[in-house]
């Protein structure tokens, strides 16, 4: 069983770039966020804006994000972002985002997120919930 | 009676600029939004995140925004944004934002916003409410 | 002869939205900018990052931008942006961007831009140049 | 000798926040970038837009960025960002950014950047240069 990968291509736009003519670093974290929503939409077959309602969660809050910038991406470049969940733990998981430009690795990104719902006794608090086994299976993974 | 003006200075940062080395246009609309919140905070003496609760509104939704770009602002420039309400109508108002760089007019911006609350009979809908006379007076203006 | 229209569809992402759950206004101006580049790429048959080199210009600087917000767009909405040049003058032109959500007009946007090159005698200055007749024709328009 | 720390306070604005009402993660990386420029400006006594010219570099390109999100920051919150260089190596260095809200740690950020100039023999390439000893000293540090 192989892990589910979501790939998309996009073009680097003028407004993504800084005075050095390359993508401003914060934009990559925005690209990662979009790709994580698309990855879950594709793996679970649920429109991204319906994920919370469908699974009874309040979201997938980010607890850690990171990126290593290997090569710059510049205005007009077509990039590919390949995203997958690397590991599901009980209630959190790691997403990997690999960005390539012309087939060469440009950015290695990662996010750690939580499967989060309302706290059982206090609706104003957020609780980490167990990721359903069915969800994990859809990504071609086993919980660790 | 003169109209209340809120002025602030800020420096143009690397991430505000595009490959031409000047502020990317969308950023100016973000600057305007911040200045409108600060203008209301200053004129009404209420922290901007408490405005809605204090006045029983759900916000000041934007219905129109515009900007004329006279001179570019670039990385490291100190800009001044002078903001004021130009006109209060029954339930909407026009905000003017003048941005200067080194004393010269760089951007002439404008926003039209609505004083909005929950609809009386349907809480899922938004209604334009009458701007309280007291609010108008704080800006040194009269309703038209 | 009808004017050339460039249409694209996109989904509203989480990071486009503000605490009211709707697209933050500045994002629309970013969408407009992308659409203008795409419109010129499509009408002129030149990759957007090659436009300047191909036509010997230094860009299409924005001198005026505006938007009227009729209906909000929210997370998960599919929007369509239809963009066209409405008028070409000697060295400037007006772009119209109409955004619909579910077929209903949500945002009416406009940009005025300049066909700009290096100043003939001073390379550090920017000059408005005459838009080539051939460019105007590609948009199905006549100069006014 | 203690390491130079640059602290600034800022308010979380409406446009920084997502539909959950908290700062959208990509914004924090933008805050880090601003703070790094301010840290160098303050430590070296050179306006941030003059750093490159003063030191004969072409910038401080980011090769790695990361953040651990401990507590959310929301609209209207005053945050403090304390930034310092933790380690200078021969030609790269690590910046730490600690964000607190009401005195509590909210985000732990980090950046790795390079002291970069034009390549000696090929001006189109970028080279990692040795960080001048004088620069390191200004931060109250020693190279490792």
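Per-chain numbering from 1; labels A, B, C and D assigned in written order.
Quick note on the criterion: contacts are C-beta pairs under 8 Å (C-beta built on N, C-alpha and C of every residue); 3 or more make two chains touch, one makes a residue touch a chain.
Since the model is a prediction, treat every value here as computed from it, not as a measurement.
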Revision key, fill the gap. The chain whose C-alpha centroid lies farthest from that of chain D is chain C
Study note, to complete from the structure: When C-D and A-C are ranked by contacting C-beta pairs, first place goes to A-C
**Study point:** Distance between chain centroids, defined by C-alpha means - chain A, chain D (Å)
**Key:** 25
**Study point:** Between chain C and chain D, centroid-to-centroid distance (C-alpha), Å
**Key:** 34
**Study point:** Separation of mean Cα positions, chain C and chain A [Å, integer]
**Key:** 30
Check your understanding: chain D: which residues touch two or more other chains?
Key -> 14-15, 20, 24, 26, 30, 33, 75
Review point. Considering only which chains touch which, how would you classify the arrangement: line, ring, star, complete or other?
Key: complete
Check your understanding: What does chain D use to touch chain A in their complex?
Key -> 20, 24-27, 29-30, 33, 59, 61-69, 72
Practice item. Name, in rising order, each residue of chain A that touches chain C in their complex. Key: 11, 13-15, 30, 33-34, 37, 47-50, 74-77
Point to revise | chain A residues within the chain B interface of the complex | key: 14-15, 17-21, 24, 26, 75
